[in-house]
Amino acid sequence: MSRQYVIRRLLVMIPSLLGISVILFCVLAMAPGDPFAELAANPAIPPEVAASLRAKFGLDDPVWMRYLHWIAAMARGDWGFSFASRIDVDTLILQRLPTTLMVIGAAQLLAIVVALPVGVLAGTRPYSIFDQVANTLAFVGFSLPTFFTGLLLILVFSVKLEWLPMVYRADLNVTGWQWVVEQVRQSIMPVLVLGLFQGASLVRYVRSAVLDVVRLDYVTTARSKGIGERRVITRHIVRTALIPVVTLVALQMPIIFGGALVTEQIFRVPGIGSLLISAMLANDTPVVMAVTFVLACLVVFFNFIADVLYGWLDPRISYR
Amino acid sequence: MAGSTPVSLTADPPVAAASATPARKARFSPGREAWRRFRRHKLAMASTVILGLIVAAVVLGPLVWRVPINEIDFSAKLEGPSLAHPFGTDDLGQDILARMLYGGRISLAVGLAAMLVACFVGVLVGAIAGMSRGSVDAGLMWLADLFLALPQLPLLLLIIYLFRDSLTKVLGPEGGVFVMVVAVIGGLRWMQVARLVRAQILSIREKEFIEAARALGASNSRQVVRHILPNALGPVIVAGTIDVAAAIIAESTLSFLGLGFPPDIPTWGRVLFDAKDTMDMAPHWVLFSGGAIFLAVLSINFIGDGLRDALDPRRVL
Amino acid sequence: MAEKLLEIKGLKTWFKTDDGVVRAVDGVDLHIDRGETLGVVGESGCGKTVTARSVLKLIDMPPGRFEAGEILWKGRDLIPVPAQEMDKIRAREIAIIFQEPMTSLNPVYTVGDQIAEVLRQHDKLSRKQAIAGAVEMLRLVNIPNPGKRVHDYPHQFSGGMRQRVMIAMAMSCKPQLLIADEPTTALDVTIQAQILELMQEMKDKLGMSIMLITHAMGVVAETCQRVVVMYAGKVVEEAPVEALFGNPRHPYTQGLIRSIPRVDRAAAQKERLEAIPGSVPSLLNPPVGCRFAARCKFAMDVCVKAMPPLKEVGPGHRVACVL
Amino acid sequence: MNERELRGLIDGVKTGRMSRRGFVRRMVAVGLTAPMATQLLAYSGVAMAQAKSTYKPTKRGGGGLLKVLWWQGPTLLNPHFAVGTKDQDGSRLFYEPLANWDGEGNMKPVLAASIPNREDGTLAADGKSVVWKLKQGVKWHDGKPFTADDVVFNWEYAKDPATAAVTVANYKDIVVEKVDDYSVRIKFDKPTPFWANAFVGTQGMIIPKHLYADFTGAKSREAPTNLKPVGTGPYMFKDFKPGDMVAGVINPNYHMANKPHFDAIEMKGGGDAVSAARAVLQTGEYDFAWNMQVEDEILLRLEKGGKGHCVISPGGNIEHMQLNTTDPWTEVDGERSRLGTKHPTLSDPAVRQALTLLVDKASVEKFIYGRTGIATANFVNNPEKFNSKNMKFEFNIDKANELLEKAGWKKGADGIREKDGKKLKFVFQTSINQPRQKTQAIIKQACQKAGIDIEVKAVTASVFFSSDVANPDTYPHFYTDLQMYTTTMTQPDPELFMNQFCSWEAATKANKWQGRNITRWQSQEYDDNYKAGQNELDPVKRAAIFIKANDLVIANQVVIPVVARPGVAAVGNKLQAEMSGWDNNTWDIESWYKEG
């Protein structure tokens, strides 16, 4: 992995992000819908108000002019101004970041922590009972939409058994140990629903990767070294099977940031996902632009990490 | 496929060079060997039967089960399964079985078509990116990053807004929406497949048998099609089968946002979505719709498993 | 009689496949004495590799299984030995090297790591000591400037070099028996000679015995003291190397020896090389009688009726043929 | 109901022959709003009834945490920027108007000492000015006193176009003068019978002058108080995450005794209506949930949970179908549904009458909306049980078939009726929500039976209600034959509400589709009647005029009202909260309390 390759990839990131931001902005600007829709529906509010607001926020300027304003503002660190809540977008996003990291981050972690071992075990014992059970659970995971599984959990655990609260509250007014208990109680369900969904496809990929590696010669060599089956699996099988999986996990990481729209909607988790969906539904362009731009940076960054990891994990990959 | 591990060859080179897209099935050399191995995979066989049943039911069903899909009959609201309504009725008294049969055709078609679009584009882009050096590879990967970053909803709004009228004129209301939904779902899922295929190719490209093929004068595309892709089959098939599930579900979220099929077309995703609020009062409505999606996805995935094992020459069963 | 290091008695290793049970090894008896190099020869598919891998139980079970027989290592039967116990024997007492150097090394670890792994496992060395040990082993198998090469990856080595690394890895714990499963088949002749010479050196230095599996009769002639000839899952002849080449008794062995191109014979005679007609019988349902009968010039009906047992025809020379 | 009968009723109330409540019900029956009825009485010298307060707690605080759910969380807390009712509700926790409207349509003083009326001369006889007496001793949350200067400032702040406040309509045509520290006079340029627009109800909340003085006009955006409100309300600001959560703590020196009952309040946003209903009615995790747009079938089942019940408060919102008078399918220089073009089929009265007969309002009410939607024949709010004679509706497929047959619409081979080459084939669009989609399905099936083919179309809400000029799918564009949505009546006075049918208000490309007359219906008779109503001083004549306006719209089938949409909220059993259809859900937040 030549140092110079890493630097080159980092440098290429800047123009590629700029390119993405241009296209993102055009898509948002040209998409139909209008942030002041609610105003228009209320007869008590005269139409000129909506018109003046559109003018005030420059909605009627040509697209490229709005893009230049946006880029200039971003350069100055001003992420833009939300039409719906009339506050700076970066405060809006930073407010929701802790919740997102805590709940959705935990779900993604759970997905990876569960999917890797299960995938490896299923791969090393193909067509065993464990393999078939793991497979079927994986299918359950990604064939049922999160709005279905989420609601099912709420009905069972909140309504029938009344064990868990059904609404997530970011500002628990308790402290210390009590806060931890309350926080865990209210995040179990969203973390489970999202973790199951994300982990399910991961299990399938890991299993497929392991199945390809398990019969290769150097695994037999490893076994002949008498280092014990467990170590053969961890050091030799998993290490090489991990390589294609790294690409996939990198693709799933940005989801933490803005992708868990439905789960956040069902459990009312005030994460960046629910902010994104409400902003998209209300055509609050600056918020959508800011969130998707950060998403784009994360996507590009994690894919870069995947490529670097790829080169590091597999010495033969020679990036010229 | 193991990204980087050397591909140990049994004595002879890979028997069948089949690629994921059935379009090339015709030129597929006689797959007796592949079929024999596929039969070994009990679950895959069972799934083929189940999927066959589902497809038959969905295609022939409406001819046999004559009940119209939107006959509103308030007296029979939210009824459990009965002889008159084997799957029960929804909150407008419409027969769920008829709606599932009618909607199934669209949902399965959307699922499979979107998967094929995603896989075809993904394999194409992945292969070109993997094989070519420098700028083309970087350019295509930038394109993939761009698509990954695009926000789904505004993009959908824009595409629907731009193309709906022209498409409906050409293909009629249902056809137009079908093409659009498949293009949209497929068009937003090829990136994973592309990246996976590229990763595979980067490592397989170094193998001796590729150099051998090159030495024998194989052009780049021939190398990819005949030698590299069959070895990169695993993740593509796995991704493809996962995409079918994702496409069927994505279609339901599209209906939720009003961008998919018009509300009176009962695709499976839509029926499940409509049923979610009365889950505790009318469980049958949710179970049949959720169950149908689950069964279809389950069988498609097991078939994917069987296919991958059968078509992968190195897998000694 | 030298002490019997390894003795295989009536070993049957069968594989369950969807077409039926493949009897890859169907009753094999052989033994290796301490300090001896035993050659095991036969066409590919005669069960020699399966026999070798059965010793270290490197067969996937299922589909493979030990139908019958014993594998006595220093008098102790290895078949019932549990996995943890087996690991104490692997690489420490019995080591193995394989045919395909290109694919036998893990591509993602440096050569040094892979050798060090064995040292750390069995000799409980620290990481630094193990690497130093690895460098030492690389020097032993005369790989140029081992200090640097220890940090290189397998794909940075040629085929021959990789086989040397395999040998270094196998030798690292000074095993008493090295099973070499066609070590030189994938290498060209010049490298082949170096590898064989290296193995001989190791043997003398460490006083270990070698079980050399190959289908190259020439290699056997040069390096082995005793030879076992296998055909279709069974041993058909066993003899000291001079007796085997001088006075082969089993028609198959004679055929094998005749098929070696003789450089020493005068060019003038220019005999055509003799090939053995026909091909190896299917191991799914092997013939009742002698398995070579179909291809044997001297086949008689008694051969077809029953399997001829191994009978003593000379000092340490046994043959399974009625002739 | 003409002017003479109206005067007779008012005398009845004056002499006690008829109860106030009875009169208000009769007025609402003929299409007037409850607040208008009480105004009528007040104008004729019958004082506003001071509803006796049902507030029980004897001390301030001690009620613990009040947890309320708004499935669309407030996105900002400045009342003058409140885009939707959700923002008004959020602001109302901290800010207060001078007065607000209770469920019966009576005005109740909040920051005002008393309600202006003719007797004490605060309400001018010529209807051109009104004087508000302010409550003394009221303090802002930061301790500063509340005076007339604050009220005058709110007028200057809101009317300034640069502030782009949504409440500008209430303040731009009036002049507000400070009489003394605790009284303010509002002057109107012409006699204004409905004077209670400014400083009252949803659009009347007052913001502190001392914090907003240097943030008016273009700088209104930067005011820090936009995010950290300082008001006079029962709760003081604690925390706010737009779209997610608003939190307040008890205001220790609130200007009403023993109020508020709760020590803190948390308004949680996000999720959807059904799960909000579950959180109150099934698990009791929350005490109150706003705007229950949920099918009654589900609400009834949830109420069986026994933890809460639904509170219905009649209001002015009406779910109605619009029939396009212009032709949406031919484009005339870049504009479809252009004023002046005639709809090929809908212009035939027989077709319009047939369509009215095919809307099965009773089933829509019974099977979809239930208590949350009352079938009505009237465009202006009209509770079903007080139907006046010409306001009945009928669902009769056979009669519709007869009508169409007689008018020459013959059924073609495909079962769709046709006449001179034109088919009865309509595109019916609406915004996306499940009850609406089901209503569409019911109408589509009935029309099929009458030989009319309906193609159903659903548009995302933010696109449907957008005022974006380039987007063909917005309701002002009306590029389809039929469309259905709920038009809200936030002002108790119907003048603004009924301007949707004036000819000059027609939505056209010229006025960027900002006109309020979406159906583009042109009627001289309606225009003259409406103009008369605008400057009619005598409220009795004015009431009669608006009843006539309503009748004209219904008689000509310009629109087909489907169901009147009262406000629906889910309330926990222990919580006592009074709702009002004429104000925000939180109009009386200071008097909410829990029993037992």
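We just call them A, B, C and D in the order they show up, numbering each chain from 1.
Keep this in mind: contacts are C-beta pairs under 8 Å (C-beta built on N, C-alpha and C of every residue); 3 or more make two chains touch, one makes a residue touch a chain.
Just so we're clear, the structure is a prediction, and the values are computed from it rather than from any experiment.
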| item | value |
| --- | --- |
| Between A-B and B-C, the pair joined by more C-beta contacts | A-B |
| Middle chain, criterion being Cα centroid separation | A |
| Distance between chain centroids, defined by C-alpha means - subunit B, subunit D (Å) | 47 |
| Averaged-CA centre spacing for the pair subunit B and subunit A, given as whole angstrom | 22 |
| Cα-centroid distance, subunit A relative to subunit C, in whole angstrom | 54 |
| Residues within subunit B bordering two or more other chains | 4-6, 8, 157, 161, 206, 280 |
| Set of subunit C residues in contact with two or more other chains | 100, 103, 107-108, 155 |
| Overlap residues in subunit A, where contacts from two or more other chains coincide | 32-33, 151, 159, 216-218, 240, 243, 281, 283, 313-314, 316 |
| Pairwise chain contacts under the document criterion | A-B, A-C, A-D, B-C, B-D |
| Residue ranges of subunit A touching subunit B (in the complex, touch as defined) | 12, 16, 19-20, 23-24, 27-28, 30-33, 132, 135-136, 139-140, 142-145, 147-148, 151-152, 155, 159, 201, 204-205, 208-209, 211-213, 215-218, 240-241, 243-244, 247-248, 251, 254, 262, 276-277, 280-281, 283, 288, 291-292, 295-296, 299-300, 303, 306, 310, 313-314, 316-318, 320 |
| Residue ranges of subunit B touching subunit A (in the complex, touch as defined) | 1-6, 8, 43, 133-134, 138, 141-142, 144-146, 148-151, 153-155, 157-158, 161, 191-192, 195-196, 199-200, 202-203, 206, 234-235, 238-239, 241-242, 245-246, 248-249, 252-253, 269, 272-273, 276, 279-280, 286, 290, 293-294, 296-298, 301-302, 305, 308, 312, 314-316 |
| In the complex, subunit A residues that touch subunit C | 216-218, 220-229, 235-236, 239-240, 243, 313-316 |
| Residues on subunit B engaged by subunit C in the complex (per definition of touch) | 4-6, 8, 36, 40, 206, 208, 317 |
| Parts of subunit A lying in touch with subunit D, wherever the complex brings them together | 32-34, 36-54, 56, 81-82, 84-87, 92, 95-96, 151, 154, 158-159, 162, 165-167, 169-171, 173, 264-270, 274-275, 278, 281-283 |
